[in-house]
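In the two assemblies presented below, chain A is common to both, partnered first by chain B and then by chain C.
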Partner chain A sequence: MTSTQNVRIPTDGAADGAVAATSRWRSFSRTLGVVWSNGKARVGIVILGLFVLVAIFAPLLAPYDPKDTSFDRNLDATGAHWLGTTAAGEDVLSQLIFGARISILVGLAAGVLSTLIAVAIGLSWGYLKGFASEVVGFIVNLFLVIPGLPLMIVIAAYLQNGGILMIIAVIVVTGWAWGARVLRSQTQSLRGRDFVTAAQFSGERAPRIVFREILPNMTSLIVGSLFGAATAAILAEAGLEFLGLGDSSIVSWGTMLYWAQNSNALLTGQWALLFAPGLCIALLALSLTLINFGVDAVSNPRLRDGKATK
Partner chain B sequence: MKYIAGKLGLFVLTLWAAVTLNFFLPRLMPGSPADAAIAKLAQNGPVTEATRAAIEAQLGVPDGSLWEQYASYLRQVVTLDFGVSYTFYPQTVSSMVSTALPYTLILVGIVTILAFVLGTLIGVAAAWKRGTWLDSLPTLSGSFMSTFPYFWTALLLLFFLGYVLHWFPTTGAYSATTTPAFSFAFLGDALLHAALPALTILLTSLGGWIIGMRNAMINTLGDDYVTFAEANGLRGGTVAIRYAARNAILPNLTGFGLALGGVVGGSILVEQVFGYPGIGYLLFNAVIGQDYPLMQALFLMITVSVLIANFLVDILYGVLDPRTRR
Partner chain C sequence: MTSTNPKRDRADGDVLLDVRDLSVIYESAGAAPVQAVDDVSFTLKRGEFVGLVGESGSGKSTLGFALTRLQKPPARTNGGNIFFDGSDIRELDTETLRTQRQGGFAMVLQSGMNALNPVRTIRNHFMDIFRAHGHVAKADREARAAELVRKVELDPSVLARYPGELSGGMRQRVSIALALSLEPQLMVFDEPTTALDVLVQHAVMDTIQSLQASENFTAILISHDLGIVLEATQRVLVMHEGRIVEDGASRDILERPQDDYTRMLLSHYADPRAEVVELPGFPARRSGAEPGTTRPRAEAGDAAVVTRSVRSADSAIVVDGVSKVYPPPRRGEKPVRALDDVSFTLEPGQSLALVGASGSGKSTLAKLITGIEKPTQGDVRFGDVDVTRLRAKGLRDLRSNVQMVFQDPYSALNPLHTVEYTLSRPIRNMTDLRGDDARARLHDLLTTVGLTPTETFAQKLPHQLSGGQRQRVVIARALASDPQVLIADEPVSMLDVSLRAGVLALLEDLREKWGVSLLYITHDLLSARLVTDDIMVLHDGKVVERGVTSEVLRNPQDEYTVRLLDAVPNPRRLREDVA
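Now for the complex of A and B:
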């Protein structure tokens, strides 16, 4: 940091960008270091990485087509079908592997979208004052107090038999408010700082101050709320599909459990069919939660592991 | 007083917004209940215009302008008259709700309070003994449990304790052979049926309370007044409970209030797995049967109870933490 301060700022635009890029890269890798130095976060990153790899290479890893119904029904685990087959005669392991795609897709899409809304609304809300702030606050609080799962279920019921896009939309609509509130309070505490006042006096416009000056200072908080939103999205998607509100013909962990319950896997004693999809959902959600322990430590040094702090 | 008045005004405004949202939600969505019923009929053959009119009349599809509909909807809400259920005709929505409500209130209510008390105590202990097994065991298992999908925990408990070991009944709130009455036989039976859903809710909600309390407590433990209390030689327990925990519990009270309000909504996924006849299961059945009057009434009731709980917590918060009253 000190070296860049002593260097005369080059007038050449390209060189300026390069300096900014390296310092940004350096702070990024330092942040990553803090996250990685947290033992819990390291476990989370490894688990998440495994799931992402499985999702990407699903066609190579899966022994069969997940929708192939040509096998014997309700098989227990055998050499040919490691986790048995479903009541419709599909290979459970192949379904499990392809199911990773849906969960990761929904987690990523719904997580990113609701975080974008949360950033846009949370930051403007925190920067605004007076009546406008009250109005935004009222809307956010309304979305916060309306119970999420019942709202999701009711919307999904009105939009009958929507596919995965409907589920993502429902999760985003019901899930952005929490992040908005967290980001707003941080914006409020930052807007009184000297660098914001300086930017105001130098005549910068409000959107630039909010998104170019304040935003970079809360990156870790935004990443944290991204992981939080993604976790909630993955669990919500599985729940909605388990209730049969979605497209129950796609292969996902939620629909696997839906079919398992509706085909009485409990009675036939096929524990693998019940156990495996839920465990995958739990592990994926857990990996994101674990990573968040590390991300929390970036913004709140009190939560860092004692030995890891420099 | 001004604080309470302001909160009350906000509460009324939020209540109105939620009631209005519940009115517009079905109207913003494509399709209508009549369309859904006709779509079901159309699978068996063509539907005439006369049949359609008959179905609309039977379902009580609202007519008139949006304003008239809104006015009659508000009248319904105020008089708690939500009409007749589509799927459980001729039962009224209100009677179905009042049958389901006690099951949910008792089951989810007791477990929510229990989970909050237990979780908070464990959270205090975890933060106070930070870095020992007393910290890492509950935090890790707590965060692991809270990432479990509710319904999966429910399915596993149902499978192992219900179907494999036969320790607990697998569905319903009481056995088919008993009738609801205030007798020991019925209460014992009901308790046995409630055990698995209760255990599920407890296991999945405990982690959140533990971690919330632990993190809030770690922040207060770093504050000067705690260091000062320790420097004064106060006993550890006194510092932990009377100084740190007392302040750390404040943010968690908001969550607890919301959770108590959420009790009325029940635990949809858990009740569905165990076939437990509470509000959540009723909502699920309403959704599956496209029973719009029942669905609208349930959603309204669930939302309003959370709003009331939230309002009460705001008031309580103002009493407990005078700083928020400014």
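Now for the complex of A and C:
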């Protein structure tokens, strides 16, 4: 057996030998290539990339401190203040640039957390049969039928002034159910496949079958669900802030809208105060949705070659 | 033959389809282009019935799709011409293409039975076509639809029904009738019977043959099964790796095959009823009547003890008076009785064939034995263990002794795991081997199933393996826990003919060397004859016949067994009929 000594065989349950790791990396980069080759997704990636760069380098890019109230109030766009100043005398452009941080942070954190919950619940719900499945189904349906925004408002009002963490928590609690439902139906179709039965015959236990056999086969669906959840989180965060349910002292696009509304920006002719953060929210949500077109092409190859040849 | 049919005589020499140097290429983004059809030329005379045979990946379906202009990207015709009735169909624009489907060419697909719209009645389907082409006067449409349905041997009452209310065979007949409704000059049948049950397959093929004779359309029958094609058609084109390697009259191909590939395909057919059955890679199997040819049971048992000294005693599987009733599929219907009072014993080292058409309950029986489902009545025992009462832990123990080989090697392996991972899991879960021992075991398994060099194969992902290699991995996984019983559910039905013999020989070999007992579930009596000693024929959940395989197949007593035997495609039977 000397010839086989140099071959690594997993004995601890981890399957990634050196060769498997490289092939996994190769398939990952191929997947990225598929997403990039989709025109819509490319636009989305570029927009998202710009926002991320702006958020990271906000202190370098912003001309002033966003909370500096020392400027003249309600200024129109000038050379010193490209988008004017607020009713409190802050620079709008600086606020806009720093606001990107909050939106991206909340979108990422709330999106990832609610997707994690959706994966855990959706997959076990799809794999289970009988009474347990009914119980999970009841809970998920409960969250689905309660209207999201009112529930968010109630929870947010109850946890007064919890700041950004509270907002993330509220979005996660109200946002996981839809993803769980989508992932469950895919799990149900995969659990009928022979390789799942074969894993049972190999002596695997249920959690391992769910997370090692089934889960890797739905990666693109989970990524799609992540982008969807992040989009919803960004919109929900802006909505809650706009309604004044968050911490109105932090600088985010939502609070900018809140203050602009409070100071009747439209009546004073300062449309940029409402328009700029609104456009940014829309663009960020749009970029994630566009990326999802590319992710769809990963899970459904027919969407890739459709237009290439006649 | 031509002189018997005046219609065909007149048409003789009249070329309907002329394919010249046709090439079709698949160009997917991010993958090397594949030349699926490579420089193919042939002509078809009016009224001819031609078979197009090849194994999977030979380009036969691609060619069929190119001929009817139904191909979709990434496939692209990159050379040659297709002249249909004098005009090049590659030049047609989409509207001319649509209108010429009436009186032009039509295609019947393998999944044609799933091509019917579930929310529209069969009558609606016919009316849609008549309306789109307007070739039947409004008043005559109803009568015409009834006539067409009768042509495919269905009762006109099916017109009022929905696709979901018809069986697979009936739906495939409807889709043939729909294709006929446009009075095509050329019909392309792409594996029209592959998705159907064996017995139904036979009946549908008969219908196609008699229709072709009575309607006198030109037809191409695409199939992977040389047996079926030789029985049905007058001329056969054999396709291999995108090229046509042989083109000749059916009789000539059968008696004087010119190409090695054709010879190889032909060599895999045999009559399960014959005295001696021989396939490439298999020792000749004689009938049990001759002394010393059936394997003595005791010998197999001995071998088991020698190679598997680890285990103390082998246990038999005892199925005792088992019935299984499923709840009715729809309200108001009767419950489905899948199994009815079935009893048998699978002794250690024995190989038993479980034979029947789909719906006969053979797969249900496999589920009961492996504890996936519980019987409604009766007992399933493995040694002292009552399989019907096992919970999760007990089932895991049972499965280290009773393992399963799946029908479809393409779905039985997780596409994301390497062979090494797939095989290492049962070794870890069901044996005490760890580290170097487990590694050695893994390579032993791969050697046993003939996947050498083992280092290379261990690192492969399923999509890098052929169907036959995948099925070998599935078998290796089943062997990993050193089971006493192997349940093989149609293990070769999804494989190409040329790969079947290899997998069957492997199963046979394992039984001899490892002393595994084998429950071989199949509808294919030829393979049952090759790998099993005993046979049990199931029909509608009841055992209708049982005994020594060779004797049952040579002198079948039950009418159902005879029908199954007749459904085995066998080109040589044709030769005997003629002689």
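In this section, the second predicted complex is superposed on the first by the 286 of 310 C-alpha atoms of A that agree within 3 Å, B and C clash if a C-alpha of one lies under 4 Å from a C-alpha of the other, contacts with A are read in each partner's own complex, and residues count from 1 in each chain.
Here is the rule we go by: a contact is a pair of C-beta atoms (placed from the backbone, for glycine too) under 8 Å apart; a residue touches a chain by one contact, two chains touch by 3 or more.
As the structure is a prediction and not an experimental result, all values here were calculated from the model.
Asks: Once chain A of both complexes is superposed, is A:Asn217 in touch with chain B (first), chain C (second), both, or neither?
Replies: A:Asn217 contacts chain C only, not chain B.
Asks: Who does A:Phe275 touch here: chain B (first), chain C (second), both, or neither?
Replies: first
Asks: For A:Pro59, decide between first (touching chain B), second (touching chain C), both and neither.
Replies: neither
Asks: Which of the two partners, first being chain B and second being chain C, lies in contact with A:Gly49: first, second, both, or neither?
Replies: In the superposed model, A:Gly49 contacts neither chain B nor chain C.
Asks: Could you say whether A:Pro207 touches chain B, chain C, both of them, or neither, answering first, second, both or neither?
Replies: After superposing on A, A:Pro207 lies clear of both chain B and chain C.
Asks: Examine A:Val154 and indicate which partner it touches, taking first as chain B and second as chain C; both and neither are also allowed.
Replies: A:Val154 sits against chain B, while chain C stays out of touch.
Asks: With both complexes superposed on chain A, which partner does A:Ala198 reach: first (chain B), second (chain C), both or neither?
Replies: It touches chain C, and chain B stays clear.
Asks: Please indicate which partner A:Gly33 is in contact with in the superposed arrangement: first for chain B, second for chain C, both, or neither.
Replies: Touch partner of A:Gly33: chain C, not chain B.
Asks: Quick one: chain B or chain C, who's touching more of chain A?
Replies: The partner with more contacted residues on chain A is B.
Asks: Using the superposition described at the top, list the residues of chain A that contact chain B and also contact chain C.
Replies: Shared contact residues on chain A (touching chain B in one complex, chain C in the other): 306.
Asks: Residues of chain B touching chain A in their complex?
Replies: Per the stated touch rule, the residues are 10, 13-14, 17-18, 21, 25-26, 29-31, 36, 131, 140, 143-144, 146-153, 155-156, 158-159, 162-164, 170, 215, 218-219, 222, 258, 262, 265, 268-269, 272-273, 283-284, 287-288, 290, 295, 298-299, 302-303, 306-307, 310.
Asks: In their shared complex, at which residues does chain A touch chain B?
Replies: These residues of chain A touch chain B: 40, 138, 141-142, 145-147, 149-151, 153-160, 231, 235, 238-239, 242-245, 257, 260-261, 266-267, 269, 271, 274-275, 277-279, 281-282, 285-286, 289-290, 293, 302-303, 306.
Asks: Going by the contact rule set out above, which residues of chain A touch chain C in the complex?
Replies: 1, 3-4, 7, 9-11, 13, 15, 17, 19-20, 23, 30, 33-34, 37, 193-195, 197-204, 213, 216-217, 304-310
Asks: For a test of understanding, state which residues of chain C touch chain A in their complex under the given definition.
Replies: Its residues touching chain A are 27-30, 73-74, 76, 370, 372, 396, 399-400, 403-404, 406-408, 411-418, 420-422, 424-426, 428-430, 434-435, 438-440, 442-443, 454-455, 458-459, 461, 474, 477-478, 480-481.
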